[in-house]
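Shared between the two complexes below is chain A, which has chain B as its partner in the first and chain C in the second.
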Partner chain A sequence: MIAQTEYSKEKKVGEGTYAVVYVGTKQSNERRIAIKEIKTSGFKDGLDMSAIREVKYLQEMQHVNVIELIDVFMAQSNLNLVLEFLPADLEMIIKDTSILFTQADIKSWLLMTLRGVHHCHRNFILHRDLKPNNLLLAPDGQLKLADFGLARNMGSPQEFLTSNVVTRWYRAPELLFGARHYTGAVDIWSVGIIFAELMLRIPYLPGKDDVDQIDVTFRALGTPTDRDWPEISTFGTYNKIQVYPPPSREELRRRFIAATENALDVMSGMLTMNPHKRLSPIQCLTSEYFVELPEPTIPSELPKLKQK
Partner chain B sequence: MTAKVKEEPIGDKPVSSSLRITDDDLYRHSTQYRNWSFTPERLDQIRTEVNASAGSKAEKTLKQFLESHPELSREEEEAVASKAVPVTTHEELLLVNYFARMIISFAGKMNLPTEVAATAVAFFRRFFLSNSVMDIPPKEVFHTTLFFACKTENYFIGVESFAKKAKTTTDAILKHEFKLLESLNFTLMNHHPYKALHGFFLDIQNVLSGRVDMKYMGQVYTNCKKSISDALLTDAVYFYTPPQITLAILLMEDEALMMRYMQLKFGLQPDNGDGSGQSSQDSEQVSSNGINASKLLEVIKSCRSVINNKIIPAKDDAVKITAKIHYCQNPMAVIDRLKRQRESSSIASTPQPVETDSKRQKT
Partner chain C sequence: MSGTFQTQLMLSRPYLTRGQIKRAQQNTIPDRRLYNQKRLSVFKFLCDMCIQFKFPRKTLETAMYFYQRYYLFNRFESELCYDVATSCLFLSCKQVETMKKIADIASMSLRLRNVLKLTPEVIDNCKKRIVQLELRILETCCFDYRVNNSVHIDEILAKIAKGLSLSREVAHLAWIIAFDALKLEILLMVPQHTTALAALKMACELTKGASWPNIRYSLFESDEPSVSEAYFDLLNFFINAFDLTDFRVNLPEDLRNTGIETFMDLKKQAGVEKGLKEPDNVSSDLSLTSEWNPGIRERRYVLSRKRLNDERLAKSITKREKT
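For the complex of A and B:
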């Protein structure tokens, strides 16, 4: 009951189906915080799965690139998650045409994203909903992975997972095919798409529906063949899809005009069709792209949203 | 919620290879380590405190009861004093273990995955590190922990179908869900030894390649999996890490095999025949994977003795303890029982079986 008075709720900033978000202050140190108040009434199965996942996984992770869960408390039979206050997200930055950003800025955001993803994966946690909207930005410029409502432990080999995860545009090909076994490679695919979106300033593969997403994905990146992905023919839907040739390097260069060869290598590595061959977070983090100039922008010097 | 470990956030800065984050570092950041690992002394202290606080509350209730019922005869007062006795720390432990054991068999009957059952047991036992069986009867949170474990382990079953399968009501299942979450300090991740077992199972075959029979290893694996479920009912889970527990279980299953494995894997020196196992000079030896083999063996052996020290409470004990709790909460029940006994003996002059009342109490 200390917690109730320790944190003030000052302004409602969002309301979803299962939670209301407030900004407030932690009284003891004046720290700005966000409180996610999870609605509990109206859920006949008790505590909601998304809320459980969020609490479960955030409690395990302390990392500069993962949103900090400061505290959890119960009040009036509602579950309250006290989170660090993160006023912006990457989607807002991408969409704000008045903001210009450089290749060094993109590199910095990608670096922080990959560090966060690496931390999840080494803790055997899959995020399963990476998108610009879930990459939040702290006032000091640090990028933080947020929204662990779809996260889960990496499956053991015999376990079945649901393929109905990740927001459509960021969904890896194995998920589009309905795979019941998958790995951290699904998160890396999402990061690859986010990387492309940062360079293009528009969503890279905006499918209109699940069927269209398959078409859009393979039209841009080529339909995988069983030569580079032998297991592909085990997916029932594979035989029904249109076959597109993969893009040539030249076509990629034309699409991503400012990208260096190393940048294209990392992006293509993350957007490899066969999940076994897709780059791991460590491979990305240790790639030439992060060694070559320009150096990633220091987080505090990254472009910010204009103050309203 | 307990304060988070405030230290250098891992992975923030580029580190040289010697400073790489190891799996042990990651485990030390887990809530299982930070919140739910104790020294034996600390664990004893926690249990004693929980019991003492609930016990004194029960004493107070009894005192108030006797004060507000001056009409009771001396015989009745004595009956209350002898039947309504707050339970001891040891009795609490017996009762919790009795129900924890039942969770495993119940989960088996419901065909729930092993990990779900293991998590339910962990939740249930942790719940009674901050609540006394005198305050919340174990059978009231029995289904709650299992249902909640299904959700946290991503094995969702709707509360209605769960209630139907478990032959209880949805209200009974959900009644203490918040209390459970709060008692768990909002920490829900569990690392069980089953994954470690699978890892060692594969590694033993690799390290002792050609020298172990595959079919035999399969048998070892199956036996160990069962032994792990048993070990989860002991305090080993609070004192040791999942891989340590797994190694202890493997050692119990086939000591010769494990000694050979540990010699090859961790550079453990073979037993020099005097029974001491290690000569003092090599006790500090550290193998190429950074593990001090003799230290490891020592830890595993002490873990083994904790696992061997398991408590298997008899049903009778559970019934007796439950009756005590019932009488503490309802001292009037002692009087009613006494009256009924008197009446029936005066009518039929055949005394009722003494157990009747406590049996009605049983789960």
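For the complex of A and C:
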């Protein structure tokens, strides 16, 4: 079938290690779209794995809280991914001090994030790079999980996974210990940290490097013991770390001053050290926190970046 | 058409019928015998690579799918086929997450092909060819990651065997049978779980005391024609080329007497050969009959027929409105 070219690239909006991103228009319905042009030359290991993963996992996922991969096309021997155009992300909102947001807004963003994560997990996909920067916001206020460049299938029991995933500040303790087998619980940890960051408006556990991250994490949340996480001593680095007591409920209340008891319960549930005991997306979504008042803000009424 | 260029919309069809495969190969494979011969030696070569790198069977399976798929739409030249195979393996490593550095793959590939002087220049050239072919392979698969993603013959075979409460011996025998399926075009015709069902059925029939349960294939998201296609493809391979099978050399102790006759008996019992229904339009199917046109500058790949039809509809409406 021959037709006129469908996508126009109008403006370059960003450049990463493996792709150049343009804003454009889908001609047939005038929809605004983002085009990721994958750089194919200059890479020693051929087509970048992130591009492969992005196509692989977004191709079949369709959910209001996951970015839509609209099309894949080749033009002049370059691979192009056409994605939904999403002009803002949660990091921008958090950092913009002129924007005030309420507990209801936080609840709404957390709800949408958890829905997206639940959708990934029920399709046996781990995102492995959740952070405010990868939670994009549509003009109608919907939050969408994006950047599936590190995503992968949940491994079978005998498969080894790499622990070098997730941006440092959002990395779960099992990853900090170098676990080669892990589950969707790594994503939930990241969501817990994002939840904390939304309440504090600053990154919750900003480690300076990988070693410091271990220290920062356990200083804030307590060093896990083999009483509540029996497998912990199998990690080689466990014996070398400093032991901190877990924070009391009162300390948490003081740190997260506006949080309700139910909010603290969900956050602590997501930030449980033992991944087996950490809350699942379903447990989070059905928790009291989402039932109690205030109701989550309707997406279209959430705070937005001011137009420049 | 000044100022614009042409674009082509391609619908992914990851599985084709035997007739469709033959039709596509008419454009690309001038010497069928040579192609088949090379396919077996390429399989052996890929096996050796997988053994050296300790890759699981799924890496080999995916590489063989890519290799055969590539030659449906690209001209077969025997000199290049090992480079294509190497690139297929490299890509399949990415697909099934058994990563290896391109330099390791390239030098192993050259070593197994007995290239004596492995200078950095020779390795670099090999790497270049691997990368050049990579995108082309993905294009022939229409960037369709629904296949070769999470279901692989050997893994799903064990799961189905467990689901049907088949014995360990039957499952093991099916696992050996299924290895030979990787050499066949059945990879391009039916999805992996269907091949697994066919292998399990055959294993039941070969094992004394075991019988294939009378199940509805829809329970396993498959159907009778697809399983039959795989079953007869395997059966015919064992009958026509028993000496080339890995099954022969890996037979369990109590099945040592299995030979061509055994499979001929199975075929007799199975009755008339059945399989996938051939569509009527094979000879007029443009995506199979037309050769690759390098002049088209933009190719868009879609997965669902609905999407394709919607766009056609939208286009014809805009056209009508314009006129």
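In this section, the second predicted complex is superposed on the first by the 302 of 308 C-alpha atoms of A that agree within 3 Å, B and C clash if a C-alpha of one lies under 4 Å from a C-alpha of the other, contacts with A are read in each partner's own complex, and residues count from 1 in each chain.
Keep in mind that, in the parts below, a contact is a pair of C-beta atoms (placed from the backbone, for glycine too) under 8 Å apart; a residue touches a chain by one contact, two chains touch by 3 or more.
Bear in mind the structure is a predicted one, so any value in this text is a computation, not a measurement.
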Superposed partners chain B and chain C on chain A - clash or fit: clash
Touched partner set for A:R171, first chain B, second chain C, both or neither: neither
Partner chain(s) touched by A:E6 [first = chain B, second = chain C, both, neither]: second
Partner chain in contact with A:H118 - chain B first, chain C second, else both or neither: first
Partner chain in contact with A:S156 - chain B first, chain C second, else both or neither: both
First (chain B), second (chain C), both or neither touched by A:Q76: second
Which of chain B and chain C A:H127 touches, first, second, both or neither: neither
Touched partner set for A:I52, first chain B, second chain C, both or neither: both
Which of chain B and chain C A:V64 touches, first, second, both or neither: first
First, second, both or neither for A:S28, with chain B first and chain C second: second
Segment of chain B that clashes with chain C, given the candidates 7-15, 61-69, 205-213 or 241-249: 241-249
Footprint overlap on chain A, where chain B in one structure and chain C in the other make contact: 40, 44-47, 49, 52, 55-57, 59-60, 71-74, 77, 79, 152-153, 156
Complex interface listing, chain C residues touching chain A: 4-9, 90-91, 94-95, 97, 99, 101-103, 127, 130-131, 134-135, 138-139, 143-146, 149-150, 155, 296-303, 308, 311-312, 314-315, 318
Residues of chain A defined as touching chain C within the complex: 1-6, 28-29, 40, 43-47, 49, 52, 55-57, 59-60, 71-77, 79, 124, 152-153, 156, 159
Chain A residues touching chain B - in the complex, by the definition given at the top: 40, 44-47, 49, 52-53, 55-57, 59-65, 71-74, 77, 79, 115, 118-119, 122-123, 152-153, 156
Touch list for chain B against partner chain A, complex: 1, 4-5, 9-12, 21, 26, 29-31, 147-148, 151-152, 154, 156, 158-160, 170, 173-174, 177-178, 181-182, 186-189, 195, 198
